[in-house]
Each structure stands twice: as C-alpha cells, then as structure tokens.
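Step one of this worksheet: look at the structure below.
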Amino acid sequence: MIDKTVKNVQEACDGIQDGMTIMLGGFGLCGIPENAIAELVRKNVKNLTCISNNAGVDDFGLGLLLQKKQIKKMIASYVGENAEFERQLLSGELEVELIPQGTLATRCMAAGYGMPAIFTPAGVGTEVAEGKEIRNFNGKDYLLEYAFDSDFAIVKAWKGDTAGNLIFRSTARNFNPMMAMAGKITIAEVEELVPAGELDPDQIHTPGIFVHRIFQGEKYEKRIEQRTVRTKN
Amino acid sequence: MIDKTVKNVQEACDGIQDGMTIMLGGFGLCGIPENAIAELVRKNVKNLTCISNNAGVDDFGLGLLLQKKQIKKMIASYVGENAEFERQLLSGELEVELIPQGTLATRCMAAGYGMPAIFTPAGVGTEVAEGKEIRNFNGKDYLLEYAFDSDFAIVKAWKGDTAGNLIFRSTARNFNPMMAMAGKITIAEVEELVPAGELDPDQIHTPGIFVHRIFQGEKYEKRIEQRTVRTKN
Amino acid sequence: MALSKEQIAMRIAKEIQNNSYVNLGIGIPTLVANYIPENINVVLQSENGLLGMGPFPFDGEEDADLINAGKQTITTLPGSVIFDSATSFGMIRAQKVDLTILGAMEVSENGDIANWKIPGKMVKGMGGAMDLVASAKNIIVAMQQVNKHGESKLLSSCTLPLTGVKCIKKIVTELGVYEIKDGAFHCVERAPGISVEEIKNATDGQLIISDDVPEMTF
Amino acid sequence: MALSKEQIAMRIAKEIQNNSYVNLGIGIPTLVANYIPENINVVLQSENGLLGMGPFPFDGEEDADLINAGKQTITTLPGSVIFDSATSFGMIRAQKVDLTILGAMEVSENGDIANWKIPGKMVKGMGGAMDLVASAKNIIVAMQQVNKHGESKLLSSCTLPLTGVKCIKKIVTELGVYEIKDGAFHCVERAPGISVEEIKNATDGQLIISDDVPEMTF
C-alpha cells in the first residue's frame, strides 16, 4: 500500500497558498476539519475561495477564517448564524455565491467522478439559472452545472488508515466523501488513524486513492450548533 | 420503518412481464441474483431487454434465460464465454448493444441520482460515438449518454434488513448498488435478511428507500467462472 | 378562528400516507412530526444524509455527529441509514422521497414558490429548498396566509425571488387548505369558524371557493 | 531474439513508478504483476471494484465473491478497499489511476488503439477498455508487433474498429520499446539481438529509430 500519512497538520497543509480554492467538508459544525482550519488560521493564508455548505459560526468553523479576513469568496448553500459574515458581506469585503445544496454536493461528486458537468432541475426558473444553459429532457428543464475545480479539499473522517482509506461517523459524513474525491490534493484529518489492514475493505466510505495526505487530529471540540433534547419523563 | 419484505421470490418477481426492460446486478457470475433469475426462467417471461454487465455462461446466470430464448435484447459491456449467446446473436434471434463498462455503470448511477444524462469521454472517436452528441469541455471531448430507464432492477446483496437496507460483500458489490438505485421497482435478494435495526446505519451500502421488495434467497450456488489458485509451498 | 402553527402542522399530518418517505423543512413543517398518527409508518428524510430521523435525544445523550438538516441534535431509529449529501440529493432528484413539506413566504396561483430571499435583507441561502421543490413528486406548503401588514401571501404572481416554479400542489395556512390547479387556488377546506369572505379577503391570486366549503376537522 | 510474453511483462514492470496505482488488463498485462520489484509500492486496481489486488488465493481458499476484472479468484491485501463499479470508473475518469497497461490488436502512429472488435468475428465487447483508454493519464500497451501472417500491428492508421483515439504513449512488443509522439513510433530500445532492420521491417507506420538504438536490459 501507499503510505499517505503526514506527521502533523502543518505538513498536511503544506502548499496551501494565498488565492487558492479550497473545499471544506462538513454540514454546519458537524464533520468539519477542525485541526486543518486552525492551521489555516495560523498560516494566515489570504484571499481564499472556500467551497463549503456553510460558513461556520462567529467563533468556530470557517468563522475563524472570516474573523481574520482570510476568505475572499464563499461558495455555499446556507450562510446564516454568523454576524461577522454578514458584516463583511454587507460592507463588500466578502463575495458570496449561493448555490442549491444538492447542486453543491453534485458538483463535488462530478469532479470526483471525472464528469465535467451534470444536469439538475434545481434552480430552473430562479435567479440561480441566470446565464446558465437550460436543457429539456423528457419534458423537464435542467440546468447544466459544472464540476468544481479546487486546489485542495480538506475533509474530516472518523477513522482512517495509513493507505488513506476513510470511514465517516453518522451525519458527520455529509459532504466529506464527495469533497475527498474532488480535490486535486485531498487532505484528510481523522479522529483515529490505524495501520492499513485494520479497516474492513467492505466498510470503507472513501477509497484511499482519493486521499493524498492523512493525519490524526490533535483534538476535536465537536461543537453543537443547536442542542435540542427531550427530558426523560 | 417501512417493511419491504416479500414472502418469497415469486412475490418478489410479481409484475415482471413480457417485453419489459430489466437491470440485473453482477459482474460475470459474481453477485448475480440467482434466485430471481431462476424465477424468471420458471415464469417464462419473454422478449426481455436485459441490462447487465455480462450475459452469464451457457448454463448459469443470464445464460439460463438465453437457453429458453427469453431475452430479446442484451445491453452489456462484455458477453464472451457463452456459446448459446453467440449462436443466437449470429442467427439474428438476439439483439445486442455493447457499451463501455464505465458508461454502463454511470448510466445506472445517473438514473439513481435523478440525472437525465451524463458526459463521459469513453468511446469518443469510436463506433460507440456514432449518432451521439459530442461536447468539448476544457479541450476534451465527451459523449452525452442518457440515464437508463428500466422497469425492474434485480440485485443481490449479502445482508439486508426488513427496511430494504443492503450490505454487499467483497467484489460481489460491483453493479448492484447503482442498479438498486436505478430501478423503477427494485427487487433485492439477500443471503441473510435481518430485522430493521440490526445493521449499523453507517455501514449500509444501499439505503432502503431505493429497494421496493426484499427477500432471502433459498440457496446460493455462487459458481466461480475462473478458479485461479496458487499452491502452498 | 385562525389556526395556530401547531394546528397547521396537525392538519398537514393528516395528509401523510402510510409507508411513505417524507422530508420536513424548518419551522412549521418540523412540528408536523409531532402529529403523525401512531398507526402510520413514516420515514423522515433529513437532506444532510439520514433516512429514519428519530426524536431529539434525551438530555445528556446528544451526539455532535448526529444532526438533522436544521442542525438540531437528533437520534436514529431501528432501520435508519446514513449516507452522503450527493446520495441524499440523488434520492430527492430521483423522486424517491414521497412528500416534501416546507414553509414559504409567497406562493402564486400557478404554483410558484418564494421562500429564500428578501431583497435588501441579509440572504442566508436556499440550502436544499431549490433541489427539493424542483424534484419532489408532492409538495405541501405550510405558511401564514397573511403577513404582518395584513397582505396576502397567496398571489397571482410572486414578488420575491423564486425558489421554484409551478411545483406547489397544496397549501395549508391558518385560514384554509388550498389545492393549486389550472392557475388558481382551490380552497377545499376552511379553518373552523373562518368565513368564505375572510378567505376571499386574504387571497390575492385567483381563488376558487364554494360557499359551502367544508370546515376542516382534526 | 524476440521477447517472450514473460519478457515483455518483465520489461513493462520496469516502467512502474514507486507509490503508484496501476490497472492491468487481461493477457500479458496480468503477467506484469509477477515482475514488480519488491521495493516498489504498487496498488493494483481492478475495475470491477477493488484497489489493492493481491495474489491468487491458496488452493481451497477461493472466495466466489472476490474476483478481479478477468473474473479470476484473487485475494485482498492489508489496506485494500472495495467499491462499486460507478466509483471504480469514477476514479478512472478522474485520472486517479496513474498507469494503465493493456493489450492491443493494432496501434497507430498517432496513438489510436484497436483492441476490442474484429468485424466478421464474434464480438465479445469492450468491457472497461474504452473507459480506460479515454481517461488514463498514462497508458502502456503490451502487444505482439507482428501478427501470425507476418504483418505489422504498428500502423499508420488502424484498420480495425477503434477503442480510443490518440491515447497511447508507449508500446512494448517482442521486438522493442516505442514511444508515440508527433505522429510516429519512436523506437527507444530494441530487444536483445534484434536488429534495427528487423524493427523497420516489422513496423508499418512512421518509425523513428537510430542505428545505435540501445538494447534493452532487464
């Protein structure tokens, strides 16, 4: 097997530079690459274009990069819950491209599957369709949407092995598998890194061929955005 | 959960009629729905269009349907190893459409993902491209290929639960997950059917929403097409 | 009297078929889950990647890795399955989800819906709403029929940026139940105590209503 | 002397880079696996859905569920991973596989390849070959340079139905090693004891060869 391990988050993020386009896995604060985000803050790379479903909250997730004004453009489907984001957007410091969530997921998937474009009905007849090619199949209109082109994809998995194979846990899976497939260089951080051979080949979500660098994160805060509970009666 | 179990293979195959288009999972004889194929033979439905990567061997797999001349048209990527197939083809009794294996897989996937068509470079400049739309993206030509439209998809999994969730074993996975997603009605036969809740939600390959009928096969012969071994020294 | 949000949810719950897969949006739609009859088998889809959404966890048992599309901590049920977001929207596009229930700011008489953007206000994004409305076989909208300025939100055409076109088939508001067909809102039920006149006053688009439209029952 | 099939495989094995993912076709390419140096990390991809193909199983340990693209019983290795066929061809199309080695009936001087169909004969199908040649970053063809009638299979243009166009970069035959560029076969090595004259006679398409082309070493 090919050993994809790097010794730490610094080595994992080597080569990420100002002005690059980076995909980051996660849905809300669930399944986000916490350690790599912290390293991007430390490196202070600027003018990033970030492709991620959400933009974090003020003091966590991508919000940390926003605080330091490292993000030039955000490509996301939902960006609420973030006052600093709103301030930068309204002041014109930050550019935002909002795209439907399924389109976001599928444009990542297209990149990973070597498909230059896909067709989706999402957004037909809305401002999302402006300037886009529309095509009718079997009586229904679809938009032509292009595969994402990103310099790095940064994903977070639960377990990974030294060959780069990844397993996700629960809904922390979300966008991570597609982004892992889509990066020119894919960085995976995992809660537990095990030797190749410890994971069941049938139970791996992301084949290691898609992962270029893997490391075990130092710690995971796993902040909860909406703590909703019921009480035992 | 919605209970997808049917009591036997007869009930599972109910409604399959002459002239229908049926997808069948498997690669060679690996991961084929043995029990459903036997039932199709017993029902003696005719003039079927079968979408499957291969056409079985003379006395097993889809070869059993060929023996009884139940297949009108075969859509496959590789159809060797079958003398009766060759005879019917040369005599004009059987129609064959050969398509690249990745195109076959991806046209199934497109159907399952609600995408009417996909782009692939496979077959550009060859007779596979004849009559097809060619489109250039970033300097490379791609063919537009349409999602498959099938009446039934019949797949074989290792384990399944009553909610229709499926887990495949080893390379018997192959085309089964995409076909499971692609069928208007999807029939899954499994080696072991367990109650909903016994499978780990993180380790299911095919979500039950795609599966309409599930049953435990009576027996599995699992014939090996090319037995290759080495000897212990 | 106009329905409360809970009553709107309760009325919508009656629309849910046995053995169906349902996607519930944020807001009133989320409340619908509380009123699904016990004898009805419903599997809730959460578009971030879960089929078989269970209730909120017990206090202290929250799992940060297990949330719904509203980012709330939730639980799974026996038979639940997790998948990635591409598969999730794949099943939505392929119409495997039987019913989508979502909120709206405006709906037009031809079934257009606007629910994601108010020009001049901070835009949070469409999330999965555009994918859902573009593909769902059956969509029910849960909404207030009249805004806080007393203006109808059932319009001849939407004034806000659209989320989807010609996709809404049924609406349940605080005043009534409407089916959309042939370019009109067909009022099929009125809220208890609400008059035909009140409904007419609260509907801006083409309305079809008979004087003896039945009162809804719960 | 012309190379044996084993020697062709042996020579191709030298082309394999450390830490690479390789797809081996049926025939001579399959033999390449036997000659990969021990100090080289290579992961073999089998397009039916496996990365990390291991050797044949020991007698009695065959698993009908574990086969390669040639339908042979095989084994996995530590770090192996199984996936479905769509993912498999996804990684092929996305050029994650570094090298593809496959057989051919004909190759043309501009890199076209024909290896799936002989008109008038039973056609078995292209399997995954068209997908592989259309997408692979790097393709090496293993083939006999001359057919049984003594005719060259390195042609100015293919006579058989094509598998892919302008995709082949390197060919290893029983007579030599050829790089394809600028519309010609550039002979970069000759088999031990094979003369430049013999290579010229066995090449139909445009050939670039120097009189002192080196003999290959193993």
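As written, the chains take the letters A, B, C and D, and residue 1 is the first residue of each chain.
FYI, a contact is a pair of C-beta atoms (placed from the backbone, for glycine too) under 8 Å apart; a residue touches a chain by one contact, two chains touch by 3 or more.
If you're wondering where the values come from, they're calculated on a predicted model, not measured in any experiment.
Visitor: If you take the chains that touch chain A and keep only those that also touch chain B, what is left?
Guide: Both-contact set = C, D.
Visitor: Among all chains, whose Cα centre is located farthest from the one for chain D?
Guide: Greatest centre separation from chain D goes to chain C.
Visitor: Can you compute the centre-to-centre distance for chain B and chain C, using the mean CA position of each chain? Integer Å is fine.
Guide: Roughly 37 Å separates the two chain centres.
Visitor: Determine the centre-to-centre distance between chain A and chain C, using the mean Cα coordinates as centres, and give it in whole Å.
Guide: About 29 Å separates the centre of chain A from that of chain C.
Visitor: Rounded to a whole Å, what is the gap between the Cα centroids of chain C and chain D?
Guide: From the centre of chain C to the centre of chain D is 56 Å.
Visitor: Going by the touch rule set out above, which residues of chain B reach two or more other chains?
Guide: 106, 113, 115, 120, 168-170, 173, 201-202, in rising order.
Visitor: Residue numbers in chain D touching 2 or more other chains?
Guide: Where chain D meets two or more other chains at a single residue, that happens at 50, 76, 82-83, 86, 89-90, 92-93, 135.
Visitor: Graph shape for the chains shown, where an edge means the two chains touch. Line, ring, star, complete, or other?
Guide: Topology of touching chains reads as other, fitting no named class.
Visitor: According to the definition already given, which pairs of chains are in contact?
Guide: Inter-chain contacts occur between A-B, A-C, A-D, B-C, B-D.
Visitor: State the interface residues of chain C toward chain A in the complex, per the touch definition above.
Guide: Within the complex, chain C contacts chain A at residues 46-50, 55-68, 70-74, 76, 82-86, 88-90, 92-93, 112, 122-131, 134-135, 161-166.
Visitor: Considering the complex alone, what residue numbers of chain B touch chain D?
Guide: 27-31, 53, 76-80, 86, 89-90, 98, 100-106, 108-109, 120-128, 158, 168-178, 205, 222-232
Visitor: In the complex, go through chain D and note every residue touching chain A.
Guide: On the chain D side, the touching residues are 19-21, 41, 43, 45, 50-52, 76-83, 86-87, 89-97, 135.
Visitor: Can you list the residues on chain B that touch chain A in the complex?
Guide: 106, 113, 115-120, 137-138, 140, 142, 146, 167-170, 173, 201-203
Visitor: Where on chain A is chain D touching in the complex?
Guide: Touch residues, chain A against chain D: 1-3, 111-115, 161-163, 165, 181, 195-197, 199, 201-202, 204, 207-210.
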